[in-house]
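Heads up, the thing below is written out as structure tokens.
Just so it is clear, A, B, C, D, E and F label the chains in written order, and each chain counts residues from 1 on its own.
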Amino acid sequence: MEPLDLLVVAPHPDDAEISVGGIIAASRAQGMRVGVVELTSGEPTPHGTPELRRAETAEATRVLDLTWRQNLNLPNRSLQPTLEARGRLAEVFRATRPQIILAPYWQDAHPDHTAASSLCDDARFWSKLSRSDMQGDPFWPPMLLHYFSIHLRIHPAASIVLDVTPHIETKMAAVKAYNSQLIQGRSTEHPTVIDDIRDRARYWGWTIGKGYAEPLVNREQIGIESLSHLL
Amino acid sequence: MEPLDLLVVAPHPDDAEISVGGIIAASRAQGMRVGVVELTSGEPTPHGTPELRRAETAEATRVLDLTWRQNLNLPNRSLQPTLEARGRLAEVFRATRPQIILAPYWQDAHPDHTAASSLCDDARFWSKLSRSDMQGDPFWPPMLLHYFSIHLRIHPAASIVLDVTPHIETKMAAVKAYNSQLIQGRSTEHPTVIDDIRDRARYWGWTIGKGYAEPLVNREQIGIESLSHLL
Amino acid sequence: MEPLDLLVVAPHPDDAEISVGGIIAASRAQGMRVGVVELTSGEPTPHGTPELRRAETAEATRVLDLTWRQNLNLPNRSLQPTLEARGRLAEVFRATRPQIILAPYWQDAHPDHTAASSLCDDARFWSKLSRSDMQGDPFWPPMLLHYFSIHLRIHPAASIVLDVTPHIETKMAAVKAYNSQLIQGRSTEHPTVIDDIRDRARYWGWTIGKGYAEPLVNREQIGIESLSHLL
Amino acid sequence: MEPLDLLVVAPHPDDAEISVGGIIAASRAQGMRVGVVELTSGEPTPHGTPELRRAETAEATRVLDLTWRQNLNLPNRSLQPTLEARGRLAEVFRATRPQIILAPYWQDAHPDHTAASSLCDDARFWSKLSRSDMQGDPFWPPMLLHYFSIHLRIHPAASIVLDVTPHIETKMAAVKAYNSQLIQGRSTEHPTVIDDIRDRARYWGWTIGKGYAEPLVNREQIGIESLSHLL
Amino acid sequence: MEPLDLLVVAPHPDDAEISVGGIIAASRAQGMRVGVVELTSGEPTPHGTPELRRAETAEATRVLDLTWRQNLNLPNRSLQPTLEARGRLAEVFRATRPQIILAPYWQDAHPDHTAASSLCDDARFWSKLSRSDMQGDPFWPPMLLHYFSIHLRIHPAASIVLDVTPHIETKMAAVKAYNSQLIQGRSTEHPTVIDDIRDRARYWGWTIGKGYAEPLVNREQIGIESLSHLL
Amino acid sequence: MEPLDLLVVAPHPDDAEISVGGIIAASRAQGMRVGVVELTSGEPTPHGTPELRRAETAEATRVLDLTWRQNLNLPNRSLQPTLEARGRLAEVFRATRPQIILAPYWQDAHPDHTAASSLCDDARFWSKLSRSDMQGDPFWPPMLLHYFSIHLRIHPAASIVLDVTPHIETKMAAVKAYNSQLIQGRSTEHPTVIDDIRDRARYWGWTIGKGYAEPLVNREQIGIESLSHLL
């Protein structure tokens, strides 16, 4: 398999779309190879079924024109940073060899998300190990950035904000594909969950003088080659 | 005059070279038009004279291949953020129309530096005023970033770190042009001032996995268009 | 004069409406006595005149149902934290005796705003002085909070976020009263300045699970009497 | 059972009293329904026995006039954020349906405390799950705030500081009920553990200009409806 | 004059005692040479007179056993960071040649304090200038640390906390010497101003496991030679 | 066994040398008793064998003149903060009774390092437990500080920076003893891993005006007895 440029690790189907759907669409439009790996099925939920969730995911995948997508089927609601789960995810990194991993932020209200965040760090390290019994060749994903979820209404500074103005409709279409999660049975009064997702992208757009944007956090310093790359 | 891509505001001749000599050299190598405006002559100093300082500055200008350089001759050692100085600097911004201004960080041990930092903010705002008696047409420099000086040994996080590995020798040559300021009469024991300047660039290089680098701070969020621009 | 509950110090007419128009409207609806003091006329501007600006201000005052409003006519564009300006503002505090002062945040791109921020601190202290030749009786305004302007796209954490959902239309009507400043001659493409103002209120609403909100910063700790006051 | 307004999650009997005894007393005096759930017995300790600790707890409960109190008897000294413990605590949230949960801060020297902190987040999320085999109906506790323990002498900023001046004697009486933990066998030289607890409340009182107070941290922004609620 | 080890710069007589009276006493007890320079007379105040304030200052000086004390008689209530004031203070640094300067923190509610904070930085730099018309020989005070005042109830982290347990009574005696400022006409209800001063020292003592302590802030990193120097 | 003054907890052989080799050497030179406990063997690695790693460790121990060193042989690459591992490490603390523990920082790219960081906190607490079945007498290590590893290129502020200028060659000799880990098979182009280690120490030296230094972080405030201990 040809290596990915970008791999988003999502605890459940819909997390990648909600948090970085615009970055995914922008990266695809720039010719990057972009994948998503879900750790769990995300089910059960009040209005979902495994079949429905898979269909919604397929639609979002089509909308975003993803290069690659996979689901590890680790235990939903009970995800834990076990050694076994670490190995499974590390094998994904070895198989897809991404230049950049996008992982959930380490603070969240959903325990699957904090577990997923730990797993990303841990699996990234295991991915480079030689003399192991994991499948695939050793590979060190050179960059790991964090994205914000919607479960905790935190307000951190971003390390970097990506302009997604031309791709906001694509993002919102991918988000709305998850009808059973984000629309069905939800309040239709303003602000809806859909409003919240779009309006946060609007705010981040404002921070950089653009229409819509999405933030990422890096625990390390952000390096660039030229000031001409700044918006 | 054709607009500048980058304008460094330096309190004294040698501040631009010490703090962002590598960014200047890298930007020039990338074809950007780069200028430096000094606010004061920097003299008197223990080993300098106005003539000598001008000659050293000319040599550094040559080494860095600067597009444009000017000195406002505001009062050295007694620089203050007056309205008059603000107007003088705003006129420079109108004349050079830079896309990015690099200004001294707002915390420093040298009062000329903190005054210069305020002046950059203030003059940037005045630069865009219509219905004023300042020379030149209204212009809003779209980005203002801060660089660190050497007078206070602070350790802030950077917003962005620029790789200057291929240009470190150019930077150090420009720094050493200021013999009267940084070499003559200084201790020759390790670490010298010259060592300190090079070794800090080494550290910032380490933070992004490169040989040498220079940090910049932005009070606003850092926006980029593509993840492919990250090192 | 009966004391004010809340006094907003605005560098120019429109700053109070843009930054805390919702808090003003909410406080009025809660029966609080709310005033605004402008430090300067705000003119000249590209599309304004002194008469027009005064008329716009009067309309915004009417929309917000302000208890009290005054303009100190200090020098626009050249506001500085002089002792004389300090005394003028201190006399306003003595005359209006506000429980809470809302002042501009200390970091901004507009030098009038940073000067105004300093003046608020300084005048608050002078306001309590006995044995002075200032008019009015000594008075210590017990609380001073800071609001964010729109000139610098900073992203600080708030100390406290005020729900203004029921008052967003009032705020926007007050904002739009400043047609010469925020609408005339401005780009009509999305996002307009008006969009930016509304959408930021939307974001802060999201942070507390409401429709619209406005943030304030306190350098001191936030004290409350009962957890039942938290939203 | 009628829902609680406030539920304090304490790793051991005495943690609630030490950290938020004043908030508990103040909330009760304001008519709120307040509960405490301990995760472990807290025993063995050098001077305690299970019987003695229960008697001390009963006395503190009486002093604070708690609405509800329970002990989950999870393993003391070896508390871990297991799925089973998560389910047990989530069932408590479903049964008591608190508006606000007070949880231990996430940094501490006592591993039971950091485990308890994780459990609060995780159980809060599980509490809202439908289609689970947990007892009780799905319920999402709308607010979770953190309190500081005494094992690590950290100095974080508070999100909100509660005035407990009228209730300091009640707090101290509840604290002293734990004679086997905080008095017996402890140094009687100034400052004693009891001194430390009272004097920290004094400091936080100072931060808001009151006699005594207790701090809380929120990872999310603090929302309020009216500036009149600020002290 | 033999150089000082420590020089406290105080805006008014009583600031040094209130903020770092314990550090002064401890440093004297350790054999260090300690001075205080006041920038203004501190008068007028509601209950003070110049004569009374001088007498109170003399008593505090005696209690603290200061090596050196001087008052620059710059304008009280109207202190500003002028070049002339900068020169006056720089000459004090040249005359006393202190190893460590203690300066007021840069954020405060009292404009004299923020002006004094700027002046300390600026005068420290001027102190080292050659070829100037200031009195005395060039001297660079190697360390400048900041202390907290009592006008703003801020809660910053300290860079370093000094144990002053054995000297708390000396500190409080020096504080109480300023009867006209801190006792006369003040509320006698708990907590009094005197209580606040003592109790804050108690809190900082708690942070390092001691009885009483005082905090200092350094914008630079804190260097030490041996871990055995940590408490 | 006579108690240690300082105990470094290292996930693998070479972590102590890389991160705090200079502090170890300086502390030994000051007559302190210094130990290192490794949690795992560190093997397998691409170029190492258990025998080779032990030999390299012995050489580093000799170079640093360590008072005590031990390896717990917990599972390399799969270290987890289990209760069993916690007990093992707590018994080390009871046996060596260190005044200061140096633990890995809590954020890292290597999962063994974050697990080790948790274990240090947890074991420190267990070390003081009475009525347990752990070996040794209850002991509370009074101070725990954190050091930075090299796996994540973070840039935190230090709580305290130790001057290690006279000991830099000793540190680098101890580092180079781990030939199989840091030299063999590594790129020999500048900057090598060895360059990175030395140059970071150079940077921290710069922060305190010295040649070389190493940083430590304390979650609690840093207490000292005299300002004369500051560099």
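Everything below uses one rule, namely that a contact is a pair of C-beta atoms (placed from the backbone, for glycine too) under 8 Å apart; a residue touches a chain by one contact, two chains touch by 3 or more.
Predicted, not measured: the structure shown is a model, and the values here were computed from it.
J.: Note the rotational component of the Cα superposition from subunit B to subunit E, reported as an angle of 0 to 180 degrees in steps of 5.
T.: 120
J.: Quick one: which of C-D, B-E or D-E reuses the B-C interface, over half of the residue-numbered contact pairs in common?
T.: B-E
J.: Could you please state the distance in Å, as a whole number, between where the Cα atoms of subunit A are centred and where those of subunit D are centred?
T.: From the centre of subunit A to the centre of subunit D is 35 Å.
J.: Subunit A to subunit B: how many Å between their CA centres?
T.: About 39 Å, centre to centre.
J.: How far is the middle of subunit B from the middle of subunit D, if each middle is the mean of its Cα atoms, in Å?
T.: 52
J.: Residue numbers in subunit A touching 2 or more other chains?
T.: If we look for residues of subunit A contacting two or more partner chains, we find 153, 155, 157-158, 207-209, 220-221.
J.: Line, ring, star, complete or other: which one describes how these chains touch?
T.: Shape = other; not a path, cycle, star or full graph.
J.: Taking the top-of-page definition of touch, could you list the pairs of chains it picks out?
T.: Every pair of chains in contact is listed here: A-B, A-C, A-D, A-F, B-C, B-E, B-F, C-D, C-E, D-E, D-F, E-F.
J.: What residues on subunit D touch subunit C, complex-wise?
T.: Touch residues, subunit D against subunit C: 5-6, 23, 26-27, 30, 32, 100, 143, 157-163, 204, 207-210, 213, 215, 220-231.
J.: Write out the stretch or stretches of subunit B touching subunit E in their complex.
T.: So the residues of subunit B in touch with subunit E come to 44-46, 77-78, 80, 107, 109-111, 114, 151-155.
J.: Enumerate the contact residues on subunit C facing subunit E in the complex.
T.: Spelled out, the residues of subunit C in touch with subunit E are 83, 86, 121-122, 124-126, 129-132, 144, 219-221.
J.: Given the complex with subunit E, which residues does subunit D contribute to the contact?
T.: 153, 155, 157-158, 190-191, 196, 199-200, 202-203, 205-209, 211
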